[in-house]
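Next up, some structures in structure tokens.
Two complexes follow with subunit A in common, the first pairing it with subunit B and the second with subunit C.
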Partner chain A sequence: MASSAAASNPTIPSLNLPPSQFARLQPHAYLLAHLSPPAASDQPSVRANGRATSQFRVTSANAGSLTHTNGSAVVRIGDTAAVCGVRAELLHTEDIASWSVSTASEAEAGNTSQKGGSKTEDEEDRDHVQDLNLLVPNISLSTGCAPGFTPGAPPSTLAQSLSHEILSLLHTTRLVKADDLRIWYQPPNLESEEFRNAGEGMDVDSEQTGGPEPEIKAFWVLYIDIMIISLAGNPFDAAWASVLAALRDTKLPKAWWDADNETVLCSDNISDAQKLSLRGLPVSSSFCTFEADAAAGWRSVVIPNADELKSQAQKQGSQQRWILADPDGYEEGLSQERVCVVVDIEDGKTVIVKMEKHGGWAVDSDDLRQLVDVSAKRWHEMKRILDQC
Partner chain B sequence: MADRRRVNGPPGGTRPPVFASLQESTTGAAQRAQRQRQPAELRKIFLKTGLIPTASGSSYLEFEPSASLAAARSNPKSLIPPSSALKVACTVHGPKPLPRSAAFSPNLVLTTHVKYAPFAARKRRGHIRDASERDLGVHLETALRGAIIAERWPKSGLDITLTIIEAEDDRWWGDAPDSHDASWGMMNVLAGCITAASAAIADAHIDCLDLVSGGVAALVSDDSSKSASSVPRLMLDVDPAEHRSILSACVVAYMPARDEITEIWLKGDSSKAALEKGDVRSSHEALIDGAVDAARGANTVLSEAVTESIARSIAQA
Partner chain C sequence: MVGPTASLSILQRADGSATYKCPATGYTILSAVNGPVELPGRRDALKPEDATVEVFVKPGTTTGGVGERAIETTLKSVLGDIVLGREKGFPRRGVVLTLNIVGGENVERGDSYLTLLPALLHAGLLAMISASIPLSMTLSAVLLGVTDSGEIVQNPSPAAAKSAVSLHVLAISSKDHLLLNQSRGRFDFDTWELIRARALSICQGAANDGDVAMGEGTNTASVNGFIRETAEDQIYSAYAHKLDSI
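Moving on to the complex of A and B:
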């Protein structure tokens, strides 16, 4: 604690170090001194980066600046920058090994689902988008974005887990509608004419079916590649925001099955292209907890759920902790517990899409409730930013 | 073999979209982009340093979009972009101690990585560096090694990473690959990489002999193939999408204060250039001189960006 005293009193010549060096030498004490200023001084409790505890960094987004993408976005959250490009490619159903098998079973399911209603449409969406891997998000951290990641090496554990988190969030939110990705083909009704010429015996059949069913000939596959250009904490929020902005920007060309060439052709006319219609706008907000005494939890034997009152009393008494919104790299290094809340607001109602908390037990249900409120506020902010870009 | 560390797409693979307008006769296709600049006029360069605070030095470089691309952006009609403009982000990490396992080195050990983003080019790129990216890395390393005073950091390493967010085309998209074809876009990318890396190195306060910048010149013949007597002309800073065929191109990494070239890369047949009368240079000399002129032009932007970087670091101190 001597160091933090010296930090507040820089006139002593023997210990005259600039704050940036204290931040490196005694990171925990440095941040603690900022968050709990001495009662005598009239300073408010702010973080070392000058933000309030529930304040997010300045966020900016810019969409559609990359030439070779169907949709692209650059999102900067403070010093963290993510570039996301969406490229659409075609997956022909003849390239899907299990297509003929799965369509047969689906037709049966489709017959039953007609009674079920709208819910089964969602299930069908999930089947196609998830089972056929129509969304392929990959995050790259080996862009020299931070010193720890060696370029050219295979993706680090963090990059792998971020890719999978984005993939699972894309699937659970069902953000992209499978219907936007399907390319249908209505086969011409050749049989009916033939039958008509052939005779009356077959007429009954063709009237019943009413011509051949439209069939799916291909799917759009969206390759969503995220390059983290600069990493200064909280990569997930930046990456997810860039995915969201890029998908909102994505335009798919009009595509049709060309029976003569037996392939799918696209129109390059921009007025034919269709924007994706996304389901909702899930916005993620990440938090971390900073504990005054990081080792307190280790020393005392706390059995969670054993004595709730006791642990609460302990929390209010000795253990002080702060929940910091949108942590930067410095704060991430000092905290164990992370919370990630993804919310969407539909008709003024907050919907929790995802809630993840790991690494500690400092955040309780009351805190989580507050964090959802903070996230809902952040949703409005992000919506404004994404609408502008 | 699927890459288990990444999210893979459908196992059967996917096909890039085929546009119907290309299948029809070429008359229906869009107009080829035309070069609007003078032969010796360079594209504007946007260069900014210090955008990535976690790195010891960083820079971002962007070429001015060509006239056709700018028109297509402001008034989009087709989904096929007429051309593209280079966008590169560069970071420098170091000097930092070499790992204990590394052999002793009395000099600064330079490593360069050039990686295209998967969405950088017209064709989707893989996640793993391919041969052309490694090649670019080697060329870039030789270009920079001549400028850095490596003796001042024994036993240290310097990592330079370049991410190509948007690359240049090798030819106009409507053209089929022909005999004159080579990866011309790569040469523009290399010139941009050299300039960007040089700015990032200066931003990281690494001692250099001079600011090294990259420039490209090329021999192009724009006439249609009907007139066989067409003579190739020398142009600086070519956008391959704007020309019918490029016969030869040259990239140099050049230090203007010392008038030294640290890297030279010449491709194609440079023997047919039509020079002005009384010009005694051989055509490949003219090509190299043109590239040096282009590098000089890039250097003015570079020195401005570095001045900005120094001013910022003084203000912070």
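Moving on to the complex of A and C:
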């Protein structure tokens, strides 16, 4: 339309711009015009990408895409795509420098755990998974996923902090059970040993096991590699969903300690391989805040108090800020404030595992409460997608 | 409980510097700010009309790793938020903040930096005040842990933080905005609201019962009051020559 107008009257340049050009020249005004259309136009408030404010992008997941890994998944959220591969490698306990020292205290801890219940088991898990670094996630953005990231460059700050966030979330959720990663060995029950145990007065142990205690000979270390092959905003959600799907897909071969060869042997049989049993299904949802006032973040006027801010918003009537779920790259560039909520639902109860917000001062309790509800809805959606893949 | 201690402008060469020591968690942070400085490289492409805030975190005994990059990103967004980067002389330039962890336990791989975060924020803010970087407001942060029994503990020690069910760091601005929230662990939203209320009272003093009543005594009780007093002391000593001449 613009070109035809220009052709008919070449002296006066047309002020009609196609939407794509307007979006590039005036990104803030473009998104604002979508979110707050003039009342007369009778249009609903939607984002520039056609989604409602709390709507997530179309998500698809596909597990087991890579054949040479123990578990893998491709997750696509809109135009952001993440590939995750989990590779298990063996870590012999004799290769752990501090192992013989730590097992001594371990034996004592084991006694208490049998009385203590699930809590101490959790702590034992933390000791092994975290202290021995059995989970090693790494995220790579240098794949040419977006114009800003040159392929082959060293990991950017974003990639490094995402790796850390994923590792930290794996630890706080205790997603992987340490018991799945242990390779036990039960020494043969020799009578003489049993007598010796009894003689030393370890009644408690000999009563329960009636023989030498099984010992851990090796651990599985899971190398979780994530490649973002296309980045259009919100890399964390995509990366975390791919980790989740890949871990659900991960099968560890049956492994045992061969006393004669003094090594760990693995079974070739796929039917022997066991899936990981994960704790819960924490799903991450990210949000960003879009301010109607482009200068809200930097204008050096006196910033109103939190209470004033709230009453001001009520007085002005028209909405001043929008919290956008699952922001794409365009929206991320227009907002400072980020919120990330990771929830899990157990027996119908929403448990927040991680809640983070930074970069602004607009989002507070009321908004966060709503976002937790939105995240809980997203949890059901993601569960359905992950169950199907 | 022993309150934190801080001293400003202790380094000669930096534009602004501070040490911050939190006895409850045992961390000591030495921070230095230079700004506005010309940054190398092509900064124009990012945000030509704004100052770039760069944050570097140096751990005490090792070199920085991915955990440091993550915490730097967080600090950058929180502190960058309150810096008025469009004041005269600031656009296209940089404010470089270096935070050195001088004392306290090391953060292990994959551990969140939550226990350190309030100390880092306070040290960074005080250094910026010492360097007279224009700020829109100040902030105060607090670390809260929830124990098994549901009790809220303020500034838990690193050992207590490990056994806590959930850990929360909240940064509240001097005008009661929630600037930063980082929560890890298992909790529900009602618990978080209690945490939020507790953080507000710790940061801003027991209750905002009128501005006039806020004497010296009530000020020191809050973290925000502590930041304020430290800044006041600094100004007092900086302008001592003027006061003497009166």
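Simple rule for what comes next: the second predicted complex is superposed on the first by the 329 of 389 C-alpha atoms of A that agree within 3 Å, B and C clash if a C-alpha of one lies under 4 Å from a C-alpha of the other, contacts with A are read in each partner's own complex, and residues count from 1 in each chain.
Note that a residue touches a chain if its C-beta (ideal position, glycine included) is under 8 Å from a C-beta of that chain, and two chains touch if they have at least 3 such contacts.
The model shown is predicted, which means the values in this text are computed figures rather than measured ones.
Asker: Mind checking the superposed model to see whether subunit B and subunit C fit together on subunit A or clash?
Answerer: fit
Asker: Under the stated touch criterion, which partner chain does A:67 make contact with: subunit B (first), subunit C (second), both, or neither?
Answerer: Only subunit B; A:67 stays clear of subunit C.
Asker: Vertex at subunit A, arms to subunit B and subunit C: angle between C-alpha centres to the nearest 10°?
Answerer: Result: 120 degrees at the vertex subunit A.
Asker: Could you say whether A:269 touches subunit B, subunit C, both of them, or neither, answering first, second, both or neither?
Answerer: first
Asker: According to the stated criteria, A:350 is in contact with first (subunit B), second (subunit C), both, or neither; which is it?
Answerer: Second partner only, subunit C.
Asker: Mind telling me which of the two, subunit B or subunit C, contacts the most residues of subunit A?
Answerer: Greater contact footprint in residues on subunit A: B.
Asker: Go through the superposed model and pick first if A:234 touches only subunit B, second if only subunit C, both, or neither.
Answerer: Neither partner.
Asker: Which of the two partners, first being subunit B and second being subunit C, lies in contact with A:336: first, second, both, or neither?
Answerer: second
Asker: Which partner does A:133 contact after superposing on A: first (subunit B), second (subunit C), both, neither?
Answerer: Touch status of A:133: both partners.
Asker: Is A:160 touching anything from subunit B or subunit C once the two structures are fitted on A? First, second, both or neither.
Answerer: both
Asker: Determine, under the contact definition given at the top, whether A:363 touches first (subunit B), second (subunit C), both, or neither.
Answerer: second
Asker: Across all Cα pairs of subunit B and subunit C, what is the smallest distance in the superposition, given in whole Å?
Answerer: 5
Asker: Taking the two structures together, which residues of subunit A meet both subunit B and subunit C?
Answerer: Comparing the two interfaces on subunit A, one with subunit B and one with subunit C, the shared residues are 133, 160, 163-164, 167.
Asker: State the interface residues of subunit A toward subunit C in the complex, per the touch definition above.
Answerer: Within the complex, subunit A touches subunit C at residues 119, 123, 130-131, 133, 135, 157-158, 160-161, 163-165, 167-168, 170-172, 297-298, 300, 303-307, 309, 336, 338, 349-361, 363-365, 368-369, 372.
Asker: Spell out the part of subunit C that touches subunit A in their complex, as residue ranges.
Answerer: The touching residues are 50, 66-67, 69-70, 72-74, 77-78, 81, 84-87, 108-112, 134, 136-137, 148, 163, 173, 175-189, 192-193, 196.
Asker: Quick check on the complex: what are the subunit A residues that touch subunit B?
Answerer: 66-69, 72, 79, 81, 83, 85-92, 95-97, 132-134, 136-138, 140, 142-147, 150-152, 154-155, 160, 163-164, 167, 221, 223, 225, 227, 229-232, 251, 253, 255, 258, 261, 263-270, 273, 329
Asker: If we count contacts the way the header does, which residues on subunit B are in touch with subunit A in the complex?
Answerer: Against subunit A, the touching part of subunit B is residues 5-21, 23, 51-55, 58, 69, 76-81, 83-85, 87, 89-93, 96, 113, 115, 117-122, 124, 127, 129, 159-161, 163, 165-166.
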